[in-house]
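Heads up, the thing below is written out as structure tokens.
Per-chain residue numbering starts at 1, and chain names A, B, C and D are given in the order in which the chains are listed.
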Amino acid sequence: MNKMNLTLDEDAAAFREEVRAFLDAKLPPAMARAQRLTTTVFSEYELSHPWHEILARKGWAAPDWPVEHGGTGWDATRRYIFASEMERAATPYISPIGLHMVGPVLIKFGTAEQKKQFLPRILEAKDYWCQGFSEPGAGSDLASLKLRAVRQGDDYVLNGSKIWTTHAHVANWMIALVRTSDGPKPQAGISCLLVPMTAAGVQVRPIRTIGGDHEVNEVFFEDTRVPVENLVAAEGQGWAIAKYLLEFERGSVMAAASLRRSLNELLDRALAIDIDDPDIEYSLSRLGIDIDTLEMMELTMLSSLSRGEAPGAESSILKLRVSQLQQQVTEMALQLAGESALRWETHRAFHEICSTPDEDANKPALSRYLNTRANTIFGGSSEIQRTIIAKQLLKL
Amino acid sequence: MDLLPAEEQLLLKESARRFLAEQYPKFREAPAARPGFSPAAWAGFADMGWLALALPESVGGFGGKMEDVVLISEQFGAALVVEPYLPVIISAQLIAKLGDDEQHAILDAVLAGTHLLALAVGETPRRAALEGIATRAAHSQGTWVLNGAKTAVRGGGLADTLLVLARLDGMGGFGLFMIDPDAPGVTRRAWQGADGADFADMEFRNVTMPPSALLGARRDILPHVEAALDRTAIALCADAVGAMKVLLAATVEYAKTRVQFGKPIGSFQALTHRMADMAVKQAEAEAILLLGALKAEAPSHERVRAVSAARVKIAECARFIGQQAVQLHGGMGVTEELPVGAYFKRLTVFELVLGDINFHLRRYAWVGRTGVLREGLLSVPEMRPEYAL
Amino acid sequence: MNKMNLTLDEDAAAFREEVRAFLDAKLPPAMARAQRLTTTVFSEYELSHPWHEILARKGWAAPDWPVEHGGTGWDATRRYIFASEMERAATPYISPIGLHMVGPVLIKFGTAEQKKQFLPRILEAKDYWCQGFSEPGAGSDLASLKLRAVRQGDDYVLNGSKIWTTHAHVANWMIALVRTSDGPKPQAGISCLLVPMTAAGVQVRPIRTIGGDHEVNEVFFEDTRVPVENLVAAEGQGWAIAKYLLEFERGSVMAAASLRRSLNELLDRALAIDIDDPDIEYSLSRLGIDIDTLEMMELTMLSSLSRGEAPGAESSILKLRVSQLQQQVTEMALQLAGESALRWETHRAFHEICSTPDEDANKPALSRYLNTRANTIFGGSSEIQRTIIAKQLLKL
Amino acid sequence: MDLLPAEEQLLLKESARRFLAEQYPKFREAPAARPGFSPAAWAGFADMGWLALALPESVGGFGGKMEDVVLISEQFGAALVVEPYLPVIISAQLIAKLGDDEQHAILDAVLAGTHLLALAVGETPRRAALEGIATRAAHSQGTWVLNGAKTAVRGGGLADTLLVLARLDGMGGFGLFMIDPDAPGVTRRAWQGADGADFADMEFRNVTMPPSALLGARRDILPHVEAALDRTAIALCADAVGAMKVLLAATVEYAKTRVQFGKPIGSFQALTHRMADMAVKQAEAEAILLLGALKAEAPSHERVRAVSAARVKIAECARFIGQQAVQLHGGMGVTEELPVGAYFKRLTVFELVLGDINFHLRRYAWVGRTGVLREGLLSVPEMRPEYAL
């Protein structure tokens, strides 16, 4: 066999069959439908929690953790196959904060005590974490964060606020970046704390998204006391931890499978409604080609990861394209829905108020289109990604 | 040839702007008995003379033109007005044009602001050729019997009288029927659009109507309805232009004050140039809106060219300006916390109604085959309004 | 009649008829065809010169000059109608340098002697002017120009070079911006000189455009002596003169009529070749709508000009859109031509080597597409226009 | 699954890059006896083994795959090579695949670099369904008689033997004929494309050919020709990717050194972000090129999906990168003074040949109807090459 190829080897092919069989058997169709009708980035807790438990029972909840902490020991290709198959089957999204952020951070930086206390509960879906990085004045510019944590005896006392905190209203823990000191280099005064959301002085204010969903929040801290044992690594290490997470996340934006599922839904839809508009076919083909291209970029990155190479500005290219394509998919769905998407629904979840294939396709279309505008803003805006690409790749 | 607004138009625009800025937020804050409708606001619209503006003097109107409606509509977009102004006045225009004296009687209450109208035409999720209408009325023993359904009727949930387009069974042609939405056999499901405006779906099952329900002669009704849809479309274009102007201004303002990396984001050249492109789109939208307004009552080929051109161009500008306004507002742009969200939704609704971009591109191409696109806009026309007011 | 209207009044309508009748009678069809097949911005001298003479005989060569110097006395609307009708009929372009730059500059800044010497010869097509503003190091940034003019007795001695000089190879005069002194404010050292191209030490090097045409040049000056009488206004007034020209040119980018003619040619072409591609119709409609929009912007500016209002950033919006649309028209022509446009022709003018409607449409398509890339660069690049719009219109 | 090039592919690429960088400019500078062809360069290509690269070992080739041709082609684009490499090797592949031993004999001279081939298929200014071919061959008293015309045949002016696709008169089906372009009745008009490469239009009037001119069985010839066009298309995609890489690099370099308003223009954010977008397009072009290369010999639906996807995406990237490279080079970009002009022309030629973007969009949609688009790319295929080498 030629070295360059798109063919799964026998073992990997068998693994894919195993994953498919598992999903066939264990993913309830109603759960997949509910996920298809979700308009938010995260799945609602009611949807993701039971799925997390199913995965945990199978031992597949944390593929990227080391085996000793409950990981699966899969190589990069298997992890990619697993993630892609879940997208293909429309499983609920499990919140990444616990499994993909807190877990890796504690495994790398945490004390033995912290690992023991938190890792199993994350794995088994007993705790639900949120992430407190952004602040009202610090969006793309994280170094300027202000939430103050002052050491008083065995506690840090927190005052300030976080914003865009996904699912703060259901989480019982937050991993937060806080300012423990000032100085000429703002990055040096940032620390990482594990904050119980049940602590006194924590207040959660819902921020309704443009699509009408309650997914994110502003979180206020007023004299909130957090024990010093909840500090991760040393004071001032917050910036290093944030950078580690960023590195860790690099190459994890793999979305071709999810986009292809959306495209297939659009193709089905276009067939079902039989619009007299030749432009629709051109647009769907363009989208298909864009997704083929994205998948090739992902698989190339996967090939690099498999050889142990660290991705660079390629991650920014992927982030940029994925967010753009996610927006295009929702635009197309809206175009296909036409006036059927006009109606403003306040009830969530959508799967509870839709009862026909038409409604499944049309009712969530508008909220999804609106919410997806956020994809080019959060997680490093497209403008930030372009700056990274120009600097790192073009040396401009 | 002069494209600058006349003094009285500037006055009309400024009085609308001021009234809506000063009064309308109060009306909206008061608890509404019916979603999408403030009686106080509506009474204000009547007092301002806006209900009478574009009706002929023969039925008590002021005899104004669509250009004036366009001016008002632009201010409605800027102020996010949700009341069903367009369905009421466009329906009233049809009654004035096509009705007899008896049928005109209803217009007194409409002008007084105590009676609402809606025009029920569409039956599919997108604008289509009117010839495909399936709702039908049968003539039987001196009465009409109506069966069918209509979707997404703007203002349909609030209307006291509906104008329903139906195929005339067994006799060819179409008719517009004035119907009481509470009549037996009418089912009406009202809902709110993403812009907060009232819409309704409705069904008609063996609804019996007297002969007087039929508006005007039946054979040439479709061109009048098509013209009414085009008048609605151009007024909605104006509404969108009003909304996009507020959005661009808000975005520029936000960019001057929002600081990231130690500088206002409005000093980053990539964003500055993006906003320049938004300004270009706004200028284009305003320019083509004016064409649509001036041709809203022109002979049908000229009208279709202008209205569909406006609809395409303004929808594209609305999408660009809306999406970029949200993007430049960053996280706050994708919430309901700032007005930017409401304006973006309004522009999105605008894109979805009365035919999407591709529909109007095909329509523009169709009229192009008549040769009307080949000449410039500066013509020496004899005005031959066929289906105008 | 309502105040806002798109209708020509009776006099203006009659004037349009007069212009159309004149063009019908006096514009040779072969001349119009040659113009249609031109791939350059200016028409070749051989094409424009006879047409200039025809216009001069009619007294219509310089509509924007004052009547006492040979202008027509037309108001803004008539000048617009006249220009549009010429576009519609595809008359050759008369080089604007003499009539629209040197003329107005001399009328405003020139001495009586200069006016007497130059204006009639410009009007009657006896002199042919080129313009020397840009330099290799000074493109968008004109203030940095370096061509040195040192006063020696009754002459200025010129050393340096100009670039992008259209038709320097046929012109007998150049209006040039030169540096007569250095200083902290570079603008203050710029002067305006009238340079005979026949003077010793002037050398013209052709610069072949990307489309294969010889239209622009680099011009070198080596100890070229120009009498001081050829200075326009005082030393150091060059920047003011350039700004005046810029003001004067504002609102003169009126291109809807020319674009509509191109669109009509595309519509004819699409009908003639009957391509099986629904996208073509969408694209042509989009182009038609863009041109309608542009025409409305032009007519609005004309309305303002007619009321004596000075255009502002609107000029930049027009420049930006016109150049983009000119590029789109050529892209569309290329798409319609397909492989028929592949062949590289070195012979100019095209009207001499085309002999069928197919050839007329296909042969010049590629050169025109390539050359038109310059439209978003010259005369203030699109980037410069965006900066102006942001600054002047948005106050950013 | 592995998408990183193997060691020997990197070597092939690097040796091609070095040979072309060091030798090719000299070849081009030497006065050419025939436009678009340097005998010395061609001899070099033969020496490098590139002519044999993708031919089966049975006829003296190295048995390489299209991936290798793609690697070479990318370097050809980067070095602006004009010689008719693709027409020769793609035609040779067809002869190797379809010919008998007697017909294979010609390949020795081809491999030696002393005999050139070209594939004459198209008859209209754009790629169309092969079923529409009008050139026809009639069987008459033991010989074939050919009548018809072909346009824009790449390498057609240089070819010593032409492969001409023709309809078989009166018997259904199509045939590929090996023809001497100097035979009586053949008129050939050679010309140069905007990229400097050789093309020709040709006419056939009662050209008589022996039975041995017909290549292979006649009934299933079209799929082989279609596959050959696709192999050509993907190699041209590689050529375009090579050209766009040079263009982007040159633009970035220019932006770092060209000073305006006291700063290098590469420090203006709007331009920086534009170049970032160019880099994104380049990455996309490279990614989809790889798909096309890997699927160039896959079963036809998979091949069509991959090749048409590559053609669409790379044409769009080529246009964006080409136009922006010119724009960012300013005035110098629109002249023949800098290489940017030649690269832009090459990309423009690429867009025009072998089917435009819309043609390939329709082809992609067509194959989509077979369901092949609905699955991801990472498959467990059994290789069933139908019309491959």
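We adopt the following convention: contacts are C-beta pairs under 8 Å (C-beta built on N, C-alpha and C of every residue); 3 or more make two chains touch, one makes a residue touch a chain.
Bear in mind that the values here come from a model prediction, so they are computed numbers and not experimental data.
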**Asked** Taking contacts as defined above, which has more of them, A-D or A-B?
**Response** A-D
**Message:** Using C-alpha centres only, name the chain that sits farthest from chain D.
**Reply:** B
**Message:** Just the number, please: Cα centre separation of chain A and chain D in whole Å.
**Reply:** 42
**Prompt:** How many Å are there between the centre of chain A and the centre of chain C, using C-alpha atoms for each centre?
**Reply:** 55
**Item:** Between chain A and chain B, centroid-to-centroid distance (C-alpha), Å
**Value:** 40
**Asked** Where the centres are mean C-alpha positions, what is the separation of chain B from chain D, in Å?
**Response** 53
**Item:** Multi-partner residues of chain D (at least 2 other chains)
**Value:** 268-270, 272-273, 358, 361-362
**Item:** Numbers and ranges of chain A residues touching at least 2 other chains
**Value:** 279, 282, 383, 386
**Prompt:** In the complex of these two chains, what residues of chain D are touching chain B?
**Reply:** 268-270, 272-273
**Message:** Under the definition above, what is the set of chain C residues touching chain D in their complex?
**Reply:** 134, 137, 139-141, 163-164, 207-210, 212, 216, 275, 277, 279-280, 334-335, 337-344, 362, 366, 369-371, 373-374, 376-378, 381-383, 386
**Asked** Which residues of chain A touch chain D in their complex?
**Response** 2-9, 12-13, 16, 77, 81, 84, 88, 256-257, 260, 263-264, 267, 281-282, 284-286, 288-290, 292-297, 299-300, 302-304, 306-307, 313-314, 317, 320-321, 383, 385-387, 389-390, 393-396
**Request:** Give every residue of chain C touching chain A within the complex, in rising order.
**Result:** 278-279, 282
**Sites on chain B touched by chain A in the complex** = 122, 124-126, 151-152, 191-194, 196, 199, 259-261, 268, 270-271, 323, 326-327, 330-331, 333-337, 341, 344-345, 348-349, 352-353, 356, 358-359, 361-362
